[in-house]
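Paired with chain B in one complex and with chain C in the other, chain A is shared by the two complexes that follow.
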Partner chain A sequence: MNKLWSLVFLPVPILCVALFAMAPGKGWWLPDNVSTFGSRVDDLFNLILGIVTVAFVATEGILIYCLYRYAGRGQRALFVHTNHSLELWWTLIPAGILVFIALYQFKTWRDIKVQGKFPADVAQKLSRDEPDVEVLAGQFEWRIRYPGKDGKIGTLDDVISLNDLHVPVNTNFVLRLRSRDVLHSFFLPNFRVKQDAVPGMTIPVWFQGTKEGTFDLFCAELCGWGHYKMRGRIIVQSKASYDAWLEESYEEQERDMAAVKTVAQTKTEVPQ
Partner chain B sequence: MNSRIRFGVVVLAVGWIAGCEPTPMEYVLSDYSQQELRDDAQAQETLRAALVETFGTPETPLLPDAIKSAVDAKIIRSNADGLATGAKLYRHWCMHCHGLSGDGNGPTAPFLTPKPRDYRNGVFKFTSTAGLPTRMKPTRDDLMHTLLNGAPGTSMPSFRIFYDEPNYKGNLDAVLDYVILLSMRGETERAAVGTSTALGDPISTEMVREEAEGVAKSWVAANEKVVSPTKPKPAADPESIARGRQLYLTKGECAKCHGPLARGDGWDLDPNPDPTKNKDEWGSPAKPLDLTLGVYHGGARPLDLFRRIHDGVKGTPMAAQSVNLKEEEIWDLVNYVRSIPYDGPGAAATPSH
Partner chain C sequence: MSNAALPGDLAGHHDHAAHDERGFLTTYIFSTDHKVIGIQFLFSTLIFMVLGGLLAMAVRWQLAFPWRDMPWVGPRMFSPTGGQISPEFYTMLFTMHASVMIFFVVIPMLAGAFGNFTIPLMIGAPDMAFPKLNMMSYWFMWPAFILMLCSFGVEGGAAAAGWTSYPPLSSVRSAAPGSLDGQTLWLLSLLFVGMSSLMGSINYITTIVNMRAPGMHFFRMPMTVWSLFITAILQAFALPVLTAALIMQTLDRVLGTSFFIPEGLVVQNISAGAGGGRALLWQHLFWFYSHPAVYIMILPAMGIVSDVIATFSRKPLFGYRPMVYSIAGIAGLGFIVWAHHMFVSGMDPTLAMGFMVATMLIALPSAVKTFNWLGTLWGADIKFTAAMLNAIAFVSMFVIGGLSGLFMAATPVDIHIHDTYFIVGHIHYVLFTGSIFAVFAGIYYWFPKMFGRTMNEFWGKVHFVVMFIAANVTFFPMHILGVGGMPRRYAAYESARLEPFHDLNVLITMGAFTLGVVQIVFFLNFVYSLFFGPRADRNPWHANTLEWTAPSPPPHGNFDVTPVVYRGPYEFASPEVPEDYLPQTRKLDGGGAAPGH
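Up next is the complex of A and B:
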């Protein structure tokens, strides 16, 4: 009877590992990667997952073995205080693994996040203070400001988009991230980009989309009551359609006459 | 041991029974009604029942015959089922600021400046309509414009992605229908209480129905009062901007409130401020916009700014200038106002060439 407990616990590690093994095939795994550096982030993730899997299987194995082996002997467990060599090893081994991860990921982190190591064209845009776009996070929306024709942000011809971040495909794209009120986090799951927006700070973020399409933009930092609806989209499109969209948005922004509704428009009820 | 287990079971059971019962959703009577009818519990009850009979409950909103004119004019487009969907999404997206009854008093509201809109007096600030009465209703498109673009500089976000996405197709329209219904319901309540107090008649379902008819008609009437510029905006050349600056300081009387340097400090600088002007329709402090920020709650398009100046901002001291100023003068003002955040308020005072 007492051995039964080990049988109860045995399926836990087996199911966990099986679940992980089948997840990618079922589409329960990471979202599509559509950025140039996404695969490097995924590699790091997989590496850490591998290390954790080894530790998990080993500890679960020992746990279940002990449950089975020592059950029903009718004797109390021994309480052992201080075992220097044991404590040394269970401190040193995880510490070693952590140090390894910290050093191993450094190059990826540096290439993505460290300003001095940004790609040359990104660095140049930043040094001229002409990022491709400025994203202002606020409760509870993304206010996205394109520089317009003059290439400068903060002039009358800026194009403002709400929650929709349009970017050209296969081009390094750099944005300036700011927050209007509280902490927000700019999260593009498909691009493996996540960056906190901090009030009072201006933080550059860069990435390059490799696939056209519409993907999610989320706020990943609980920012207040409306956090759940602080959702946007990133639209990766060809340079031509990106330019066309910019032009069209500018036209709409400069609109000075009410739309004269045609019959077709009245049918689809385009709001003015 | 057994007693502990029993205790645990009892605690869980009590929590389960007491904690999981959903609270019934009910619209609250407005402060105004409660104040006017404070000595008459019977009248409060009648009013509540008449409003439920006419407009339904948050769970099952109704489309009464009394507002048929607004339905015919396509101001409310959903049927009763659509309204129920709209109400559900309203509770999901809007209620935490605007409140269950549309009273602008949701749980987040105390933290926000400016306050979320209280729909119940039927006044909306940013409209394309103008004329008499001065608190002209908005069109449906005006409200949709705010839903799609938010109100920059306030806590009202944009809901545009819900408009485009197939999963939500038409749902934003349903939410808007429900908001208009809440507004009509609130205004009807106020009108019924007002009529009853003025005439001394007891409140009845019939009275509520009549008032609802009147409210619906005022929405329909606004559809005929849309104002649009007849000429496009002239180029923002220094001459136009300089003319705008002159109008700002003199004929347009903008500086009186918005301040000579457009910092929204006109009243602070006024040695004899007009105390009637510091509150808006909703009882909040009215604050002239700081025009140096370049953030416009009602939208930044020239068309939006034209309408703000031409038609005023409803429910606030910002009055319509349609009589005072000619169309081309308003366009000059728009050009000047748009230049302020970038070139400063005085840049055009002395044209440099």
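Up next is the complex of A and C:
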């Protein structure tokens, strides 16, 4: 009976490993990667997953073996307090592995996030203060601003799109992230991109899409009751269709603006 | 009697209140006795655990059956609007679930209940160094309880900015319904909790430094005392920062200061005030406390588990000193890892690399502790009591919680899993299957000492097995959801890509409900044993530490005579005596054969 108790602990590691093994087949896995650095993030994820699985199975295995082997054997336990070389080895080996894991992340992190290490064209656009787009997060929408004919963001001819972020494929894309009210987080699961939008700060984000298609844009930082609704789409398209879309949106907006201007004029004329 | 060797053994002395002349009120309500205060903390936190658990079940209902009427409860709570959970109510549910569980259950349960009850008994002191301060630390919890409960009833409802309460969502009144008066009450409530903890920690440090029994050197203290000692130091240094941050946010809300509100902020078309502050400042201040708080919630659990495992392995704790150094290492490193919660917050990304290295290193002492627990079990003579099963579950599940932490510590990987269900799974593996299993281990273990009666082992094991399975069904699939990119704190998942994950959400909810319902078994066992459990003698588990030399339950003043300590706390299976345990107080003459009995 005593030995049976050790078996209570056995199903957990088995089922845990089994769940991870079957997850990709059921579609319960990392979203399809469609960015250049996404696969590097995934490789690091898989590396850690490998190390962790070995450590997990070994630890649980030893634990369950001890429980089974030494369960109520009615024999006096060993009278030992410690073992210096054992302590030394099981401190040094994990320490080495952990430091390795940490240092191994540096390059990928720098390339994705640290401004000084951004690709040259990205750095150039940022230094000229001419990002491809500005994303202004607000409760509970993504307001996306493309430069109009003047190539500048923040002028009257900007093209504004709500919740739909269009980007050209195979091009480094730079955006300036801001928030209008509370914290939000710009999360593109398929691109392995996440960056909080902070009111009072302007934060650069860059990525390069490698596949055409429409993917999720989530808000990943609690921003109020409508947080779950603050979803947008990222539409990756060929350079030509991206340019066409931008041109068309610009024209459309100009037409609407013209109408607005006319209305404004007639309104100001009425009282006179 | 099995305790013939104990000094001044008073056979059959059970009538714990008989000898002192204090009235009912000063004995049981406004008591300065550390044991009564510990039990008061225990009862209060168990009640709040029920509340926190119900809030969690409501969260799970919504996630498995989005926008469906809650059966029975729903119509009674929201009769005019039907029985479904509204999105704003959902944000309150998870905010209050976490706030209640962290600040009213896990911290006061480990530090307040177990800290108070065990420290003087385990170091051989008659009481705490400052008994009145101790009483005050408990009674400071009551304004906190009342303010937090009242906040559900104010206009706009309870706080809804998450337990992390990030401004501007929390500090600007127009940002969320819960950011009306609910958030102010939340802040005031936490200020009281903080002051209560601060008083407790000063008291613990003083007591442990000054009031150890003769012969109780630092390195003869049980791990429970060591862990509570280091936790108290951690709290004493970290809490002032949280207190300052809470006051700053309160001022932002009520006096119109702008510590955390940037210039020109307009929320829902209402100006948020003068501005000029920094939203990120709060995150730094908050995590400077709240990351150490994660260790405040796990270190005492590790201490309790070490004592329970050694006792029921009938074997000395393996690597006592490395265990102590690991706790100190976790506490020290705990102060320089806070920004790992902020890798994608907008903080300078270069800074993140330093915090990543420190965070990876903090996994090391945890690993060392796990190996030493395994070392303790190796060659042991294991007794599977309810307490022991819960302690082993802690070790087995803490491994998962610790290893999943490595994914988040790695900055590039954290980009993807940050603020997803992976984090939710991780924290619940540490705090639920970690701390809460240790709490149950501690309750089963010290119940005889607390109340002079023993809990029913059979029902204790039933409770354990169901809880162990249900906890894993609930929390393990969350990792998968997070890998899939499912963000946390969403009231519903309406993206086509997240559709396949719905089955897992239903499974998790079934686990969570089982977890809630099985606590009824524990509750009945606890209450029944309180009144009708079999009487316990002084040392029912044949353990070595000092609390087992006092009567069960110990009278006011604890010990019949001041105990004298001759050895460390874990001398099980010692060849010097025929029994397999050797209490710390037992004097052996010249190392020769001890008198048997």
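Methods note: the second predicted complex is superposed on the first by the 229 of 272 C-alpha atoms of A that agree within 3 Å, B and C clash if a C-alpha of one lies under 4 Å from a C-alpha of the other, contacts with A are read in each partner's own complex, and residues count from 1 in each chain.
Convention: contacts are C-beta pairs under 8 Å (C-beta built on N, C-alpha and C of every residue); 3 or more make two chains touch, one makes a residue touch a chain.
Remember, it's a predicted structure, so these values are computed and weren't measured experimentally.
Enquirer: Label the relationship between chain B and chain C on chain A in the superposed model as either fit or clash.
Expert: clash
Enquirer: Quick check for you: in the superposed arrangement, does A:I14 touch first (chain B), second (chain C), both or neither?
Expert: Neither partner.
Enquirer: Which of the two partners, first being chain B and second being chain C, lies in contact with A:E254: first, second, both, or neither?
Expert: A:E254: touches chain B, not chain C.
Enquirer: I'd like to know which partner A:A244 touches here: chain B for first, chain C for second, both or neither.
Expert: neither
Enquirer: Is A:R143 touching anything from chain B or chain C once the two structures are fitted on A? First, second, both or neither.
Expert: first
Enquirer: Identify the partner contact of A:C223: answer first if only chain B is touched, second if only chain C is, both if each is, neither if none is.
Expert: A:C223: touches chain C, not chain B.
Enquirer: Applying the document's definition of touch, where does A:E87 land relative to chain B and chain C: first, second, both, or neither?
Expert: Only chain C; A:E87 stays clear of chain B.
Enquirer: In this superposed model, does chain C or chain B come into contact with more residues of chain A?
Expert: Partner touching more chain A residues in the overlay: C.
Enquirer: Check whether A:N163 is in contact with chain B, with chain C, with both or with neither, and answer first, second, both or neither.
Expert: first
Enquirer: Is A:K26 touching the first partner chain B, the second partner chain C, both, or neither of them?
Expert: It touches chain C, and chain B stays clear.
Enquirer: Looking at A:L67 after the superposition, I want to know if it touches chain B, chain C, both of them or none. Which is it: first, second, both, neither?
Expert: A:L67: touches chain C, not chain B.
Enquirer: Determine where on chain A the residues touched by chain B overlap those touched by chain C, and list them.
Expert: Residues common to the chain A contacts of chain C and of chain B are 139, 224-226, 229, 231, listed in rising order.
Enquirer: Can you name the residues of chain A that touch chain B in the complex?
Expert: Residues in contact with chain B: 138-141, 143, 154-156, 160, 162-164, 224-226, 229-233, 252-258, 271-272.
Enquirer: So in the complex, which bits of chain B are touching chain A?
Expert: Within the complex, chain B touches chain A at residues 93, 96-97, 107-108, 128, 141, 144-145, 148-150, 152, 155, 157-161, 226, 228-229, 232-233, 300-303, 306, 331, 338-339, 342.
Enquirer: Chain C touches which residues of chain A in the complex?
Expert: 2, 5, 8-9, 11-12, 15-16, 19-20, 23, 26-31, 40-41, 44-45, 48-49, 51-52, 55-56, 59-60, 62-63, 66-67, 70-83, 86-87, 90-91, 94-95, 98-99, 101-103, 105-106, 108-110, 112-115, 139, 180-183, 185, 187, 189-190, 192-201, 203, 216, 218-229, 231
Enquirer: Using the touch definition from the top, list the residues of chain C that touch chain A in their complex.
Expert: 86-88, 90-91, 160-162, 166, 168-169, 172, 175-177, 262-263, 265-268, 275, 278-280, 313-316, 318-322, 344-346, 349-350, 352-353, 356-357, 360-361, 363-364, 367-368, 370-372, 374-375, 377-384, 389, 392-393, 395-397, 399-400, 403-404, 406-407, 409-413, 415-416, 418-420, 465, 468-469, 472, 476-477, 479-481, 483-485, 487, 489-495, 497, 500-501, 504, 570, 572-575, 580
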